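A short write-up of the structure that comes next.
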Amino acid sequence: MSAFMTAVADGFPVFGQALLNAFILLATSCVLSTFLGALLCVVDICAHRSVGLLVRIYSWLAQTTPPLILLFLAFYGSTMMGRAISPMTAAIIAFVFFATAYYFEIFRASYEGVPRGQFEAARALGIPPLPFATGVVVPQVIRIAAGPFVGRTTVLFKETSLASAISVSEIMSTASAYIYSGASPLLMVAIAGGIYAVINIALIALEKHLTRKAAAA
Amino acid sequence: MDFAFLLENLPALLRAAWTTAWLTLATLVLSTLIALPLAVSGLRRETPLSRGLAAASTLMRSIPTLVILFLVYYGLPQVGLVLPALTTALVGLTLSAVAYTMEILRAGLKSVDSGQYEAAAALGLPAWLIWGRVIYPQALRVIVPTWLSNATLILKGTSVASIITIPELTAIANEIVSETYRPFEILLSTAAIYILLGSALALAARASARRWSHP
Amino acid sequence: MSTPEIHTRPRPRSWPQRPDPGIAVELRDLRLSYGAHDILKGIDLTVREGTTTALVGPSGSGKTTLLRCVNYLATPTAGEVWVDGELVGREERGGRLYPARERILRGHRRRTGMVFQRFNLFANLSALANVAFAPVSAGLCSRAEAQERASVLLARVGLSHRENALPPQLSGGQQQRVAIARALAMQPKVMLFDEATSALDPELSREVLAVMQELAQTGMTMLVVTHETGFARTVADDIVFMEAGRIVSQGSPERMFSDDAPERVRRFLGHAR
Amino acid sequence: MSTPEIHTRPRPRSWPQRPDPGIAVELRDLRLSYGAHDILKGIDLTVREGTTTALVGPSGSGKTTLLRCVNYLATPTAGEVWVDGELVGREERGGRLYPARERILRGHRRRTGMVFQRFNLFANLSALANVAFAPVSAGLCSRAEAQERASVLLARVGLSHRENALPPQLSGGQQQRVAIARALAMQPKVMLFDEATSALDPELSREVLAVMQELAQTGMTMLVVTHETGFARTVADDIVFMEAGRIVSQGSPERMFSDDAPERVRRFLGHAR
Amino acid sequence: AGPSYAEKLATSGTITIATTGNAPPMTTVGTDGKLTGFDVELCRRIAEGLELKTEFVRVDFSATIPGLKAGRFDMICSATARTPQRLASPDLSMSEPTIENFSTLLVKAGETTIATVADAKGKTVGTVRGGQENKLLADIFGSDITITTYPGIAEEILDLKNGRIDAVAINYVTASQHVKDDAALKVLKPGFAVDGVSPYTHALIVSRNQPELLEAVNTELKRLKDSGELAALEKEWIGGN
């Protein structure tokens, strides 16, 4: 056990770096995808049907293609086009590509969940689209989307483990590095799992808390 | 693209795709069957069971499936419980899928007007009939799209079964790559197979939803 | 025609006592709270067999809750509910009373038929299937029998020609008539109506009220929450006025619509349309 | 008080002609179809300034659709809609008429205030914010001004004490009164009410009807779809009876509630409560 | 394809090397998070000789070749065997051999029924996905053996201890490393002897279209061999046998 403790003490900075990498990847791709997903949602709502169809096809491809392939495409594809990007950038691009589709679906469904009567009322009052969207629709969409959004984000966090394939060191690959240098595999996997669980449960609890606070307000 | 090379390795890929396909299908069917009754719990009023389920579901959704599979497959033998790889894969994948499926079903069930339940209860109908014949058929409209989107996650997620020796598509693709050192053809056709499987899934789900929502 | 008083019976003793024969529904000191919120604050009410009682009162006074207690869709915090000589929501085991298990409760609920304001037809079933569904699933009769009976009931509410329509294809009045037929299919002893016409336009509302009136005339016992003062006046045998979880006043339509009625009741009914 | 006849004006000529002054709303040969389904089959209707017109008729006759055409929430297939001397839903460019662009249409819509059966308050905004929202976002006045005016309007509908309540915290009657204040905040020339009280109990309904009656008395022009025959009788200047997409009969309340009224109207109104 | 070796030298002066870090003692990650191992240290020496700085990148095995092809990496060092199939690949070139190795079996220390590699007949044996032992076992034993494929060595050794498999087919160098760390294991010697498959040699990999680099690496290898530095490295990381 004490060997384990030393290993943990030695490993702390390394795990710290891995955690930091996972966080950077998660936060950046989450922020960008949220923005892009929302943008797509607006496009889908406002633009012509045929554009909506394109959005849907993109969404379907992005969701069914294995993330690993997307990582490879971003990492090596960029080099082949003569512009080598860092592994982290490539990972972010790949993640944004499929996470945007996740978030798009969530926003779209939440938009459908806003009671239609309010749209009629706004039209009848002659309220311009922009103030209506920002003042009435978006706040309600946010409230409806909060739960599914956090749920999908925990999935995204778990998927950061795939980034090791293109040399972004993250939690899972760090655990396996320890395993190959002699640490107990079960212990290391359990530690990695623990890290994911703690952070994800915290995310979910935060969402529950905020939702409850919003409902009480 | 070297088609001759691709053709040579296609049978192995397709065999693996078959494993992936039925692993996905089995996980989907099992998890949905298990989640169907569980999703109902706590919808009308909170019970100790529903609180326990909610906690378990949060936990399962927070831990990567890979960790669960690893600990069950390689860890349980240390306390004397040796499970076969297939059983472990199915149990592990199903457990984590149940958690997600349950949340999806609950959201769908909540969208059905509660008056429908009341009316049926007032007629003295048993709960399973009310859920099965009245509420679920009406909830399908809301459930199917999210269920489907989640099914693609499950499809992709079966690749973790390779860590417990199941020869599924991603594993075999990697194996061919490391033997031949020719990744491009293999990885791209693997992606294509995943997309095809996902689309087949979508078609099947849509067809069955159409069938079941009008009994 | 009876004109019951507000009951001042002694507190129920430890073993509940069956009401007299001829009493279809009896509520004794019925109470219901949600958390610290008291919704029903001790209701005593008797409905004789074959009579129609109208329940009126302002929004939020607890009318719906009271109706839902009669078939235990809402579980009272205290008090007794007797329907057709049976204590609803309780069962005796080994000489003691326990909360009824689901199976027993289902049997109790079948003694009452309930009709809701928003119809609540099963949206995925046709009119005929809506009516036949419960008897078949409760195992009361075969599918063929149930459908035949459903057909008869739909004819009785004037909807023979719409048997195969789905609820969204029916007008509101038609939907509500299907809902009445659906409740009747279980051959209940008592029918409960919760604002059965207030989602309808005057004409459709009249269609439904006519069916209800006919039901009352055939001797069905009915407990009706309504805002239709006209119906209450002409069809009901008793009018019960509720406010803030209590029965404030009760009497025959003649009395309740006369100048003898309490000031509050006159204010509520008098102004009404 | 005017008793307009059913109009038999000549077909509109190629260039639409402004109605006489003193006419708040004029509909000319208004038609609307959804696919092969004709919903409105040629409606001609004139509403004078400062009068209240009640629109009655069975469910599905097209009352809501007609109202929605007045502010172009529904786009007519043919015909003209004039509100306050302006042709709604059209704009002139280079001597020709085109369908109005959204921006122009918004301006047209502000001339009418609409109140819906299901209130449709903005769920995330307080009562005050609901009322102040449209004037601010349309750039009609500053936020402070709008809030001040909203406060005054809420006081007028008797809701000063609930300014900060969110819609779910209000009773149905209160929500509907906020909705009326919200429509009034845009200072419309005409108010349109679509069954504004039919989701409410008699008492709450009376609260709202009182506000509407007061509005009528202050000289607001109103077009009211209602099942409240009492209201139509006492408040309306004209009653218009619709059936199957046509105006079947029209007249003063005195005439429409008398034995002179056409058989169909008597059947509809006469039996009513 | 990326810049040629010559250009690389001229511009960055850095050679980028991909490795998996999951095959001790050849390539592994220390508790400090740094890559090390025989292959890694060997590459450092070669780079020194070529007057290049090194940059090591830890990637999945399946990512190494696309990276090489795309010009992400200049070289791969990951305990790769010099197999005929790989030598024939159109995408990559293999260097001259670095060290010798052979396939053998790793069993539990108390194992009695498997004394030589031939005893694997009828047993359940674990291999690593994509390793050469897979084909080797199939060729020797045909259907008389049950092969279970694992994603990595750590997993198969765990399962050997769990009792799901009777032996692990593995290369001798890696096996010895595990035996050194874990008294519950033992490695069989001699191992498999199959012409052209085992014994075999390890090599470094560079891209096909970098012939100058291949040339330079081979020259350096020869220098290290001749000066005895290679042998010293081998002794340090792999041991005397």
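A, B, C, D and E are the chain letters, set down in written order, and residue numbers restart from 1 in every chain.
Keep in mind that, in the parts below, a contact is a pair of C-beta atoms (placed from the backbone, for glycine too) under 8 Å apart; a residue touches a chain by one contact, two chains touch by 3 or more.
What you see is a predicted model, and the numbers here were worked out from it, not measured in a lab.
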{"item": "Contact-richer chain pair (by C-beta pairs counted) among A-E and B-E", "value": "A-E"}
{"item": "Longest centre-to-centre distance from chain C, chain (CA-based)", "value": "E"}
{"item": "Separation of mean Cα positions, chain D and chain C [Å, integer]", "value": "37"}
{"item": "Geometric centre distance via CA averages, chain C-chain A, whole Å", "value": "52"}
{"item": "Rounded Å distance, chain D centre to chain E centre (Cα mean)", "value": "82"}
{"item": "Where chain A and chain D are represented by their mean Cα positions, the distance between them in whole Å", "value": "47"}
{"item": "Shared-contact residues (touching 2 or more other chains) in chain A", "value": "72, 185-186"}
{"item": "Residue numbers of chain E (touch at least two other chains)", "value": "62, 66, 69, 155, 158"}
{"item": "Chains touching one another, given as label pairs in label order", "value": "A-B, A-D, A-E, B-C, B-E, C-D"}
{"item": "Residue ranges of chain E in contact with chain A within the complex", "value": "2, 18, 21-24, 28-33, 57-60, 62-63, 66-67, 69-72, 152-155, 158, 181"}
{"item": "List of chain C residues in touch with chain B within their complex", "value": "71, 73, 102-103, 105-110, 112-114, 116, 118, 120-125, 133-134, 137-138, 179, 182-183, 186"}
{"item": "Residues of chain B that touch chain E when the two form their complex", "value": "74, 77-78, 82, 85, 162-165, 167, 171, 173-175, 177-184, 187"}
{"item": "Footprint of chain E on chain A - complex, ascending", "value": "7, 10-11, 13-14, 17, 72, 75-77, 79-80, 84, 87, 164-167, 169, 173-174, 176-182, 185-186"}
{"item": "Interfacial residue positions of chain A with respect to chain D in the complex", "value": "115, 117-118, 120-129, 131-132, 135-136, 139-140, 143"}
